[in-house]
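Two complexes, one shared chain (subunit A), two partners (subunit B, subunit C).
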Partner chain A sequence: RINSDGKPAAFQPPPKPVIIDKQKQREERRFLSPEFIPPRGRTDPLKYYIERKDMIQRRKVFNIPEFYVGHILAVTTADPYANGKVNRFVGICIQRGGKGLGATFVLRNVIEDQGVEMCYELYSPRIQAIEVLKLEKRLDDNLLYLRDALPEYSTFDMNMKPVSRLEHEEIPVNKLQVRMKPKPWSKRWERPKYNVKGIKFELPEKKMEEAQKWSQPWLEFDMLREYDTSKIEEKIWKEVSEELKK
Partner chain B sequence: MMPIWTKSGKKHAVTLLKVQDCHVLRYISKEESGGKTAKLLVGGKNASPFSKSEAEMEIFREAGVPRKQKVTTFGVTDDAIIKPGTPLYAAHFRPGQFVDVTAKTIGKGFQGVMKRWGFKGQPASHGQTKTHRRPGAISTNKAAKVYRGKKMPGKMGNIYRTSFGLKVWRINTKHDIIYVNGSVPGHTNCLVKVKDSTLPTYKDCNKNPPFPTFFADGDEKLPEDLYDEEVFQFTDPSITYA
Partner chain C sequence: MRLSVAAAISHGRVHRRLGLGPRSRLDLLRNLVTALVRHERIEAPWARADEMRGYAERLIEYAKLGDTNERAMRMANFWLTEKDLIHKLFKVLAPRFQPHPGSYTRMLQIPNRNGIDRAKMAVIELKGNPFPPLIRPNRNTEKTLLNQLLKGYREDMQQAAAP
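Presenting the complex of A and B:
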């Protein structure tokens, strides 16, 4: 390059390349299993601390993977009455309940036209392995409406192969709208209290408007029901991640 | 309450009881108390000294101990007498022992006969006039009186009740916590009296308990957690059936 004077310009180094460190991005995404968060109540926090110590101890020995409602899991448990003493079940996780050591998750599958739901305890010593076969979040927190949906939405092959997934990607959200069997259902899923977003309602407009009569719009403004867990989650996340790294 | 698993894979529900600042307050000899055995006064959780009269504070001052919220008596044989002022710890109990737990039940206030005594009441319809939860008849014609102790509505709860024969599964010596099988009367964080079981089936169950009690400044160094033989510890791998 030549300046307007005719002399060569000073050497300008090329601009530094911007490195996006994908590992750092991955660490920013934290997942704290919901059973670590203590419920609102008047119990002594010492009880939750001791329970957490036991849960961390179990997690050090046995790997409990990160999973949400909507994932397809395969669980192998020790069963004294089965052939080979081991029982394997594959299903979609419908709900995760319980806090502390008694946390449970329910897997649903349809085997030979019969719907089967198995409720497993996360920290039970009889569980040999939990594998995540397919990762996908759904629009809702619990998929109990699958009981009233067409059986094709709950059938999964028992010998399904695990779907491969890259480490740092975000968990995909499946915006599937499920078609239901004809009414009557086990619960009136069209009512606003269930807040279900994953159903394709084929009901007439009149029924949908009638269901809105049971809406409680004041609930979201109720201050006594507020339970802000962000600070508690931060503390517990630090504690748990430090213990697991040891 | 927490779940606990045994080595065979069975789950049991367990209540956590914390031993919080327990001290022996006074020794009452057999003749003084007038009973069959000598008695030891034991005090529980620390509380503020300002809301008690001087006479009541005397016991605490003699023992050299802050004022306790609850004071109970334990019947003790002569070889198990402890000096007033010694602290008591959870390590006094060992896993595998059986224990009776006494506490005041949750108060329900004035309750009707259906909730308090489990009466069936009357049907909701078919002509019942203003009678759905009432006791109905209270005595017969021939008796011509109502017997003493007739079950009637009244204040329910807030009385001392005991759960007998509860097994101790685990003891945490660092935080002084006893893991006791099953449920225990009382609300969460209420004060509770834990005694060795008096049931005849568990008479010979205690093998070498710490006698008269566990002294913290003694030579015994206990591990942080003491487990019963059958309890599944989370440091072990998952259970398999051979």
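Presenting the complex of A and C:
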């Protein structure tokens, strides 16, 4: 190109793309693993403090990812009797239980038409790696009803590839309504006590109304049963994040 | 740690069993809470007053959240059977207890009931109520003229007796 002066124009580099750093724009999503929150009771808080120190110590050495019920995980544990000394299991997380160092999670899968559930302890030293293969939350806190659902809802490929996901996005909620095997079930999931939202009930209306007889509408107004964890969570979150940054 | 849920053992259970069942228990306590909000000082069997105390304080904490809060209004609607008291709760009691962070009630034991059951009774009141106080503090009578004169006389007698 030639300028109006007749001299060749100086090289103008193309305009740099503006990178909007969404990491800083969106506030950091806080996730405090539920086993850090102490249960309601009369035990000395010193016990929970010591346990938390041990949990943080383990987390510094071994990365425990953020996961909820409904995620599909692959766990490799050390096993003296397996060839290669490691044992890999893939499954959907149906429940997370326990508090403190004894926190567990149960993975379910159907292998060769046999339903298998494995209960792992998060802080066990036998666990070599935990990978999150697919992130999706479900409508319920525990998916124990998958035991009575059709097996297709619990089958996952052992060699599944991890589904890629952008960081700092909201975890998608899968509003899947699961179809069940014919009754009898291991628990009466239609009763309001279980408060299950993820089942597509194909029962007659009469049965559903009969199940509502066991509802306890006063329970939501019983104020002393509420356990408000917001302040405790704040304190523990500060403590844990500070320790982990070191 | 898996703890067995044996129905007969009640270690660590906090709720008392009143009335005919859990619904009946909540109805009983609801009536007591309504009466407390209406009259601000009531006498009731000690166990019921003790159970009710927790619910009354939580209700006031909900009321402190404000009129516009949906949950607070639903709670007040359930717990106060007489609907004119909802207005009193949000407009009178909540501002009264706004500066205090904690206990809004006072509970004291009174002599047993006069009926055939001789039940252990308690009186429960909201702090800041317009009635005269339950506990009358004893006035210090050391500085009255008569007592000072008597004290002086006693000391003179001791000094005369001692040496």
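Here is the rule we use: the second predicted complex is superposed on the first by the 221 of 246 C-alpha atoms of A that agree within 3 Å, B and C clash if a C-alpha of one lies under 4 Å from a C-alpha of the other, contacts with A are read in each partner's own complex, and residues count from 1 in each chain.
The rule is short, and it goes like this: a contact is a pair of C-beta atoms (placed from the backbone, for glycine too) under 8 Å apart; a residue touches a chain by one contact, two chains touch by 3 or more.
Worth saying up front: this structure is predicted, and the values here are computed from it rather than measured.
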After the superposition on A, what does A:224 contact: first (subunit B), second (subunit C), both or neither? second
Have a look and say if subunit B or subunit C is in touch with more residues of subunit A. B
For A:102 in the superposed arrangement: first (subunit B), second (subunit C), both or neither? both
Which of subunit B and subunit C A:216 touches, first, second, both or neither: second
One more residue to check, A:18. First (subunit B), second (subunit C), both or neither? neither
Using the superposition on chain A described above, determine whether A:10 touches subunit B (first), subunit C (second), both, or neither. neither
Touching subunit B in one complex and subunit C in the other: list those residues of subunit A. 41-42, 102
Taking the complex as given, what residues does subunit A use to touch subunit B? 41-44, 46-47, 50-51, 54, 57-58, 61-62, 78-80, 85, 100-102, 121, 123-128
Spell out the residues on subunit C that touch subunit A in their complex, using ranges where they run on. 1, 12, 14-15, 22-23, 26, 54-55, 58-59, 62, 74-75, 78-79
Which residues of subunit A touch subunit C in the complex? 41-42, 98, 102, 216, 218, 221-224
Show which residues of subunit B lie in contact with subunit A when the two form their complex. 2-3, 5, 9, 11, 16, 18, 172, 175, 177, 188-189, 232, 234-242
